[in-house]
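Paired with subunit B in one complex and with subunit C in the other, subunit A is shared by the two complexes that follow.
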Partner chain A sequence: MKIGIPRGLWFYDYYPLWKAFYEALGAEVILSSPTNKHILDQGAKNTVDEACLPVKILHGHIIDLRDKVDYIFVPRMMSVYKGEYICPKFCGLPEMVKYSIKNVPPMIDTVINFNKSRKSLMTTIYEFGEYVTKDRKKIDSAYAEALKKYKQYKQSIAEGRIPLNGELMKESCFNGKRGRKTIALMGHSYLIYDNFGSMEIINKLKALNVDILLPEMLDNGRLRDYSDTLEKRMFWSYGRRLMGTAMYLAENKDIDGVIYVSSFGCGIDSIVEELIERRMRSESDIPFLLITLDEHTGEAGVNTRLEAFIDMIDWRRKNEGNLSPYGKSICGN
Partner chain B sequence: MKNCYLGIDVGSVSTNVVLMDEDKGIMAKVYTQTQGKPIEAVKRGLKEVRSQVSEEVRVRGVGTTGSGRHLAAMMVGADVIKNEITAHGIAAINFVDGVKTILEIGGQDSKIILLRDGIISDFAMNTVCAAGTGSFLDRQAARLGIPIEDFGEMALKSQAPVRIAGRCAVFAESDMIHKQQLGHNQEDIIKGLCDALVRNFLNNLGKGKEILGPIVFQGGVAANVGIKKSFEEALGTAILVPPHHDVMGAIGCCLMAQEYDMKKNRTSFKGFDIVHSGYQVKGFECNDCSNGCEVIEILRDGQVSARWGDKCGKWNGKLKNEVEKLA
Partner chain C sequence: MKVTFPHMGNQYVATKVLLEELGVDIVIPPQCSNDTLDIGTKHSPESICLPLKVNIGNYIESIRQGADTIVITGSCGPCRFGYYSILQKEILKSMGHQLDFILLDPPQGDYDKFFKSVTKLANTKNPYSIIKALAKATKALYGVDEIDDAAFYKRPRERVMGSTDQLYDSFHKEVRKVKGYRAVMDLVKETKRKINSIEEDPERDVVKIGLIGEIYTIIEPFVNLDIEKKLGALGVEINKSLKISRWLTEHLYLQPLKLSSEKEIWQAAKPYLGSMIGGHARETVGYAVKYAKEGYDGLIQVYPFTCMPEIVAQSILPSVEKDYNIPYLCLIVDEMTGEAGLNTRIEAFVDLLRRRKELKHNEKLLSGY
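And then the complex of A and B:
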């Protein structure tokens, strides 16, 4: 039995878990290709027009897998933490896919909803496993094994290995050399880790000799504690992690700049990005850059903003070190 | 022979070329329409700028900026290739004492740059939407049958500006048409449009930013006195439009080229003769992998002189190898 896992949305957070789980049960797992122009084009053509870029990309991945597999893995991810939701589009994803794309193979669209409690965890796991086997013992041990893989993956990211396109980079993105700039790259993981969708922002920053800090590299529990101090509870899970990261960074200040990558039309970011930007500006003087992405493939706009941002940081640093500001020969009289 | 520096800003709407002498004096400047043909525009700009100076000149350094900066750099042999924000910032710092805020509206871009203690401390550019930039104004002027040069003057004549929706260019246009049909006169509609663009600019880019004086307004749209007036009304303070406001990006390039020259004392400038070269551009889609990159190949007099657009660097790198073999 072939199960296709599309390389989009929850993929970047959870795929080692799902892949190991189904492989341990004896199914063959097929991943869609990393996002490319064709996938983006197909996705954009076959998605409701008001969807955000990552949702369009996911549709492209499903089309990529459509003719290769027996089942496509599109779980209905409602909630993974108590009292929180992920995103309204995640909740309705199986329907969106079903009515937008023709000839979709049967979907594994089990509901993941721990909004009330986690008590139903094992029932959910069995439901996922029963697509392959009815043997609950087998499912138990497959889940235990998958969980191990998943924890390793999380640990590797925490150690600085970026999962670009879901594949862990060989080296940590922390160079460790003194004097290098570190920039926090914030945004929804499925946008940042998608090399094509994010316009190669990670590679571009690396080429500009920047160390990259991602929210996933910080202790999630601590980030959640930070966002719990907000006046009103943040009930979007991605938003909670990002907000916590911003609060942590604004307090600790051991960072040279923050770049927030958002997709055009993201409902959660319309609040969260705004809150984060205000918080960064009112509680720190850390440079902040917002990059909004959509279906563009012309990269000049992103390059200009990134280059100018790095220039600005370099310039500021020189100034702080009481060295001459940019080009003393120009500015000094 | 006079030493000088060359700055080229290839933007979406205009291509600007400036020659600056060693004392930062502007010897010649050209503002020409890009019209979607950046290569022609750069050649035309170079030719015109050269013809404006009668004496012999020696170009000691070249800088390029704007969205076509890499193309221009390849053509002329640039020493410095910089983004527009840094270029505009450096130009303003040098020409306006103590400048703290730069408002810049170009053809497709608008930006706000905050400077503190002579360095850029914050900036913002318009997001995916180009509402309220020069090309939109151009379009509206054409639709109303008014030369864009007279647009600002007409706005100043307005007695009772109408309110136009400014959030989106499409909304603004339909709102303008509806107001026209009600019988409002053109002056009031144009002033209303200026107010709407300024409101949109300050809401989107100025959001949460401390806009302190002296404020400089530059870029092509700074020539529009109507927009300048609307900015002054909205911010409640005088706004300075520098004499060379339309070519500030190119001036920033000259300044950076001068600094590069002081450090390195060499230039890659290929000479003004390149205006006689024939340039051809070929584009093809590489199908060697699923990325399907749109690769651009630039030929100078039949010889491939640059390639870009490939993500993997294969075409780019292949060219370097070929050139090395030839050398």
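And then the complex of A and C:
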């Protein structure tokens, strides 16, 4: 049996878990090709115009896979943590795919919903496993094995080995040496880790010789402590991690700049990005750059802005931070 | 304490009755206008959905009239509305307005905080008087929504064009001036009676359209560019999937008891969308199916640009359109929406529905039914 996992959305957070799980059960797992122009175009053509870039890219990956596999893995990710959700589009994703793309093979669209509690964890896993085997014991051991792989994967990311297109980099992108510029790259993991979709932002930053700090590299428990101090509980998991990171950075101030990558029309970013930007500006003087991407974004524009941002940081370091492009003047007003 | 609140269709009448019965001083924000939207757009994040922008405009216009406290409701995700309160507070703070916010979020176990908010707003700790005022407000809300229903029916049928709108507009002007439950209800009854007695033209060919989509954009006439009046003038009778009175009953009375009046709609939506995904996506799809089954001539979906749940519904609705053979039009509104373009699309859509109806009628004649 061939199971296809599209390289989009939750893929970057969880795919080693799912791949190892189904492989241990004896299924063949096929990944779609890394995002490219053709996949993006196909996705944009077959999705409602109003959807955001990552959702369009996911549709492209499903088209890439549809003739190669028996099942396509599109779980309904409602909620991963208690009291939190992902995004309404994630919740309705199986339907979006089903009604936007013709001739989709059967979908593995099991509901993942731990909003109330995690009690249903094992039944959810059995449901996933039963597409391949009815043997509960086999599923148990496959899950245990998959969990191990997943933890290794998370550990590698925490060490700074970015899973660009899902493949872990050989070296850490966070060097931590004194005197090197460090940029916190924030945004949804499914946009940043997608090399084509993010306009190769990680490679570009590396070429500009900066250290990259990602929210996934910080301790999740610690971020949670920060985000717990918010006035109202942040009910989006991605949003909570980003808010926590921003609060951590604003307090510790050990970075040179923040680049926030957002996709046009992202509902969560329209709130989270705004709150983060406001917090960064009011509680710290860390430079902040927002890059909004969609399928029409021109690469030259992104390059110019990135280079200008890094140049600005260089000048700041040289001039001990007394010069700012706008806002405050040297004489202190 | 001078309390204000954001506009949302007829909701202001209920809030007015509720707070006036409790003896709280209120400022009703001026009717939404282009100025409101301009203020909101200027101070809100660029990519946030339209309701927040209009809300900010409402607050500022109320603050100019002396309001110092804002009361709003909330939710706990996954739709953006749940975080409106926090973002709005931030925006107003950065504009230099120090206001009190009273948040009426669903309690989620923390009843203490919820009741504290309620008693702070109500200015009294007496649960009896709060409940009594609430019951009156609910009744008033149902009354105003009945005026809407009467207007939906009369607009396409009136003999003298515009007579319904005249009564309807004057109600919304007058209701701001009267005070208290009695006076509001008298006005409601009077208006309903007058609208119902408007003379009809039996010759008019009436087309029926179901209006579905995001709740704020369907019930707030300013943001949907008075679509109900426009459709009415084109000879279309409409029915809305969501009404503020039903929403109130659902969220205030039924949900805490884990009940719902929308079970039937969810059932209708089930073949297309099986679970709650936030906002009103499931209701949008469910009502689309319901209207199609009831023999409506067409469907119009309205939602604010970038609304997450409605985007999911939008990708499903073409399948409903095909399965039930019912034309469907999607209108997305934001601060850039041009009225002329919207008019053209609505007129063309109604023309298409008329033509289809005619063809169907002729088919029946020719095939000898």
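We take it that the second predicted complex is superposed on the first by the 315 of 333 C-alpha atoms of A that agree within 3 Å, B and C clash if a C-alpha of one lies under 4 Å from a C-alpha of the other, contacts with A are read in each partner's own complex, and residues count from 1 in each chain.
In the analysis below, a contact is a pair of C-beta atoms (placed from the backbone, for glycine too) under 8 Å apart; a residue touches a chain by one contact, two chains touch by 3 or more.
Fair warning: this is a prediction, and the values are worked out from it, not measured in the lab.
Judged by the touch definition given at the top, the superposed model places A:83 against subunit C, while subunit B stays out of reach.
When both complexes are overlaid on chain A, the residue A:264 reaches subunit B and subunit C alike. Once the two complexes are laid over each other on the shared chain, residue contacts for A:311 go to subunit B alone; subunit C is not touched.
In the superposition on chain A, contact of A:36 is made with subunit B only, not with subunit C. When the two structures are aligned on the shared chain, A:278 is found in touch with subunit B and with subunit C.
In the overlay built on the shared chain, the residue A:196 is in contact with subunit B alone; subunit C does not reach it. Residue contacts after overlaying the shared chain place A:95 against subunit C, while subunit B stays out of touching range.
Overlap of the subunit B and subunit C contact sets on subunit A: residues 264, 278, 292.
Listing the residues of subunit C that touch subunit A in their complex gives 45-49, 74, 76-80, 82-83, 85-87, 90, 94, 103, 105, 108, 272-279, 281, 305-309, 311-316, 318-319, 332.
Considering their complex, residues 33-34, 36-39, 196, 200, 264, 277-278, 281, 285, 287-288, 290, 292-294, 296-297, 300-301, 303-305, 307-309, 311-312, 315-316, 319, 325-327, 329-331 of subunit A touch subunit B.
Within the complex formed with subunit A, the subunit B residues making contact are 67, 82-86, 90, 93-94, 117-125, 127-128, 208, 255-256, 258-259, 262, 289-294, 311.
Within the complex formed with subunit C, the residues of subunit A that make contact are 47-48, 50-51, 76, 78, 83-89, 91-92, 95-96, 99-100, 111, 230-236, 264-271, 273-275, 278, 292.
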